[in-house]
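There are two complexes below, and they share chain A, which is joined by chain B in the first and by chain C in the second.
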Partner chain A sequence: MPWRRLALSFLLLALPVLALAGAVQFAQSLLLERIAITLCINLVLVVGLQVFMGNAGILSFAHIGFMGVGAYAAAVLSIPAQMKGMALPDLYPLLEGVAVAPMVAILAGVAVAALVAALVSYPLMRLSDAAAVITSFALLVVLHTLMLHWSAVTNGPRTLFGLPKATTLGLAAGAALAVIAVALLFKESRTGLLLRASRDDEIAAGAIGVRIPALRWRAFVLSAAIAALGGGLWGHFITSFSPKAFYLKETFVVLGMLVIGGASTVSGAVLGTFLVTLAFEGLRAVEGALNRAQLFAGQVVGLTEVALACAMILFLILRPGGLLPTAEIGALRRTRPESDR
Partner chain B sequence: MADATLEASRIAVEFAGLRALDGVSLTLRQGEILGLIGPNGSGKTTLVNVLTGQVRPSSGSVHCAGEPITGLAPPAIARRGIARSFQIVRLFTNLTVRENLEAAAVAQGAGRREAAVRADLLLEEFGLAGYRDERAGALSYGDERRVEIARALAAGPRFLLLDEPAAGLNEAESDALLALLAALPAERGLGLLIIDHDMRLIMRLCHRLHVLASGRTIAEGDVVSVRRAPQVIEAYLGTAHA
Partner chain C sequence: MTAFLQFVVDVLALGGAYALMALGLVIVYGILRLVNFAYGELIMVTGYTLFLLGGSPLPWILMAAVAVLMAVLTGIVTDHVAFRPVRTKSVTAVLITSFAFSTLLQNAALLLISPRPRSVPLPDIFSETVRLGGVVTPVRNLITIATAVVLLALFALLMKRSVLGLAMRAAAANFTMARMLGVPANLVITSAFAISGLLAGIVALLWLGRSASVAPGIGLEPLLVAFIATVIGGMRSLEGAVIGGFLLAFIDTSLNHLLPQDLLKFRDAFTFTAVILILLWRPEGLIRGPAAGRRT
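This part shows the complex of A and B:
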């Protein structure tokens, strides 16, 4: 196994995260800190999606649903007892007195999401291609519907509030680095190698003895657990949210980041997250400036979504593999001339 | 172990009413090279597909070393030591050449380090070491063929089934392949079954032949006697010569 290339890839991917965190510490700007934390949480979500999509080669829409499971499960456990009466009026009496440290709650949320994913996805992993994509979309709708209507633990469609603000930049950056390391290792693990083989040719993979559904299942559960980590961190950063935070808009943003960067590589996921997050912040500033200047009769809204959609379309046409389609960043130099042919 | 066999008995396969195979029995022993020949559409690939689980037979049974494997899924059959190549090469095109071989070893339970060692040995043996880190999808056709055979061997099979390994190769490449394949049964103790239309290769390589025509066995036995059998000449050249 190319350990040195793997380590180099990790270092090169960790560098911008650390640089950003360092810059924020230095600048002492609340706006910058907010952007940096958002970026780190996006890294967790996008790299988490790469774990399944990049290795199994199957587009999954359900990812953000598991982000929601993680966020709600953590919230139920971490909202202080005296807040629970207001925040979750219908909560089961058993859970009313429970209030654990946010870190513990986030990890519990990860466990809950992993369990849900393990149970729900087992039969789905036999599907490939369009059928797999459509069922993953159906799964997102089911999870969303549950969040909307299971008032006891989600407060229904209303905003859930009262989460302690616990996600610091250090925590978010640490989580992002850990997830990048896990994704790189998983890709090079035995399961990762066989999944990537099955992505290229299912029949040939079957003929060498690869039990594809079981391996996909492992990747899906790991991916869902990472999404839930992102959800728990985000919940304890934003401190109040409603089910619509975990639906199509967020799904689209995370997919856009992965597609633009390159779903097959962890480096692509990281690069796409950086580019799109920073472009979003830039566009938001432009939007704000346009609205303040009142150049147009109405308010300018949705500039970010329009730009992301256009960027995705352009990438899918011109560079379908994304910016980093095959090699991790630490292995880019090895493209040799064809001389030894 | 040396006497283990891969045995198909009275295999029939029907596709939408069409009989692709009709009561074919075939035995492949470890240590031998068996040629499976016959005109186009005679059912050779279908028979290999039955042996490796890609096609489920309508009737008949398959045994590997005495154990029934009829109707098992391809991964389960592969894990019992049966490897194959495909008529149209199927590589993992986005993996490197080395990863293609490593995947086959890992799928049989090897750890990553052991798989890497096995892969490197085979790449050396097959003269592919120079392409180790190339993307498999970037290889020339002849190299693809060799990588596919090397990948099958990386699984450490007891039986290896090759579907037209020499198709599309030029004479020099074909001769090199022949030398490589001829040595396999003795070196690795595996049973080798080869489908090919290149009679020169088949006659020089095989210990025994099994001839199919229209889904039925029309001859089997040693190379010389099968070659002279009137029904074989008829199947290949038409009735006027019989």
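This part shows the complex of A and C:
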């Protein structure tokens, strides 16, 4: 893709994020601000998943696990020293006095997750197809088991609290924009191009000398680092969480956003995030209203997930590539004949 | 000696259940080359059917039969909802539709029944124990071993001796060629899903015996077991699935005996690390199946 179209794509994708942030600043509504920050963090997560899934063409379940790694690593570093005794009673003495600025902690979380991903994923990148998907699923379970039981740094299955509230709308929006730029650049980089060649035809790409496992590994590490960024931001936005936040439910939501938008394009990831986040907030409001009105005997739970699941199945049947299956948004406007490109 | 015997019985009982779970997953994978993420929910459906029938005056064996039948039907519905409309499109699309279908079923159970575990009726024999050559073991374990032996034998007979088995093996080896030679594709695929549901339903009865209750998330562990067993054994081979199931049970039981108490809670992490090591050594699994044919 020529640079002009790439820049145009970025501008067109940045525009709704900036417009949303601006509108929220103007409206001064706490509810809107919460939705906008959630949306920006979702953007980070979904675009991060797109970096691996879109380019390598392999479904990865481990993504949200790395979000958890980032969130916990950042939390251990950023919880104020006087809170640590209560929030993490079993913490190693070495870490007890450590309390750095949230920004530094989030970046450290990114580094930790990238390191973990780099170490564990290298052997897995040789696998393709279903075996790769299944092992990534197993990796998610391993990470979840660790978060659930490594009480020293995660407080076990209990809620971890006491994180400073540091994620502002500006920070979240800035991170989302940066991640969109990185994803677009990675897609057009040499690594991204070769990787997409291997996605379309593994054998042909291997025959022209593409070292597929090494390329996939780069994409996976980058994707895990972005997930950890999302996790760190989310942790410092929500300020208390437990390991079950980083498991199948969140995986399903993030995957749904990516699939509905289109996994092969960054624009699709962004579009899907916007649509699903807004639909989700709407449905959650309906669920809340139903529960308040007490029309039914028990609590209404799971309605949002049921709706998203139906939407995903319908989408995949009717439009398996998602809303934007091949071209980035900046390349949609002018479709010239083949010979002109 | 007693400890050894205890170990063998544990491995065989766990392995029998694991092997049946893996077989149910791999029979669909072998033909379609597609993983069914909604497989664990077949076990959930069996459990909830038992729960709903719990108050009725029917004898248990009839309730169990109805519950297994529901699992078979759910298996066939999975094919029609999550697989048939997208199976020609892309591998990722089918993985995601089956994942979505699994979430749909789980959340439907949350919404319609309850997020909390519900108890299921079980015959008394499930909670009894027997003494066998100095080893005390639940009768449930012996039932599991017997069921596994009988079902594996029946399954082998079906695959090797019947026309349906022949058609299924042909479809697994080369789907396009099998179709050209007149094997009805949809019938073979639907049968595979029905057999998958049957195996899942029967395993579910044994699996539910451990906790005597059912919750929306109950399918996750069996699904993982089946996944890992098939990946170790070789995704394309039915024998591989059985061997993988027993091997996984061996690893799990050994870790239960060997790991100190404070590391035991990380057992899953150790198991999956072992799996990753096996895959490093043999990326295609222990047993290679027929040469990869193309789907549809």
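The rule we apply is simple: the second predicted complex is superposed on the first by the 332 of 341 C-alpha atoms of A that agree within 3 Å, B and C clash if a C-alpha of one lies under 4 Å from a C-alpha of the other, contacts with A are read in each partner's own complex, and residues count from 1 in each chain.
Here is the rule we go by: a contact is a pair of C-beta atoms (placed from the backbone, for glycine too) under 8 Å apart; a residue touches a chain by one contact, two chains touch by 3 or more.
Since we're looking at a predicted model, the values are computed, not measured.
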Looking only at contacts as defined up top, I'd like to know whether chain B or chain C touches more of chain A.
C
Please work out whether A:A23 is in contact with chain B alone, chain C alone, both, or neither, and reply first, second, both or neither.
neither
Classify the contacts of A:L31 with the two partner chains as first (chain B alone), second (chain C alone), both, or neither.
neither
Please indicate which partner A:G256 is in contact with in the superposed arrangement: first for chain B, second for chain C, both, or neither.
second
Taking the contacts chain A makes with chain B in one complex and with chain C in the other, which residues are shared?
none
Please output the residues of chain A touching chain C within their complex, sorted ascending.
53, 57-59, 120, 123-124, 126-127, 129-131, 133-135, 137-139, 141-142, 145-146, 149, 248, 252, 255-256, 259, 263, 298, 300-303, 305-306, 308-310, 312-313, 316-317, 320
Write out the stretch or stretches of chain C touching chain A in their complex.
29, 33-35, 81-82, 85-86, 89-93, 95-97, 99-101, 103-104, 106-108, 110-111, 114-115, 220, 224, 227-228, 230-231, 235, 265-266, 268-269, 272-273, 275-276, 279-280, 283, 285
For chain A, which residues are in contact with chain B within the complex?
1, 188-190, 193-194, 196-197, 199-201, 203-212, 264, 326, 334, 336, 340-341
For a test of understanding, state which residues of chain B touch chain A in their complex under the given definition.
52, 54, 73-75, 78-79, 83-84, 86, 90-95, 99-100, 102-104, 106-108, 111-113, 116, 130, 133, 135, 151-152, 155
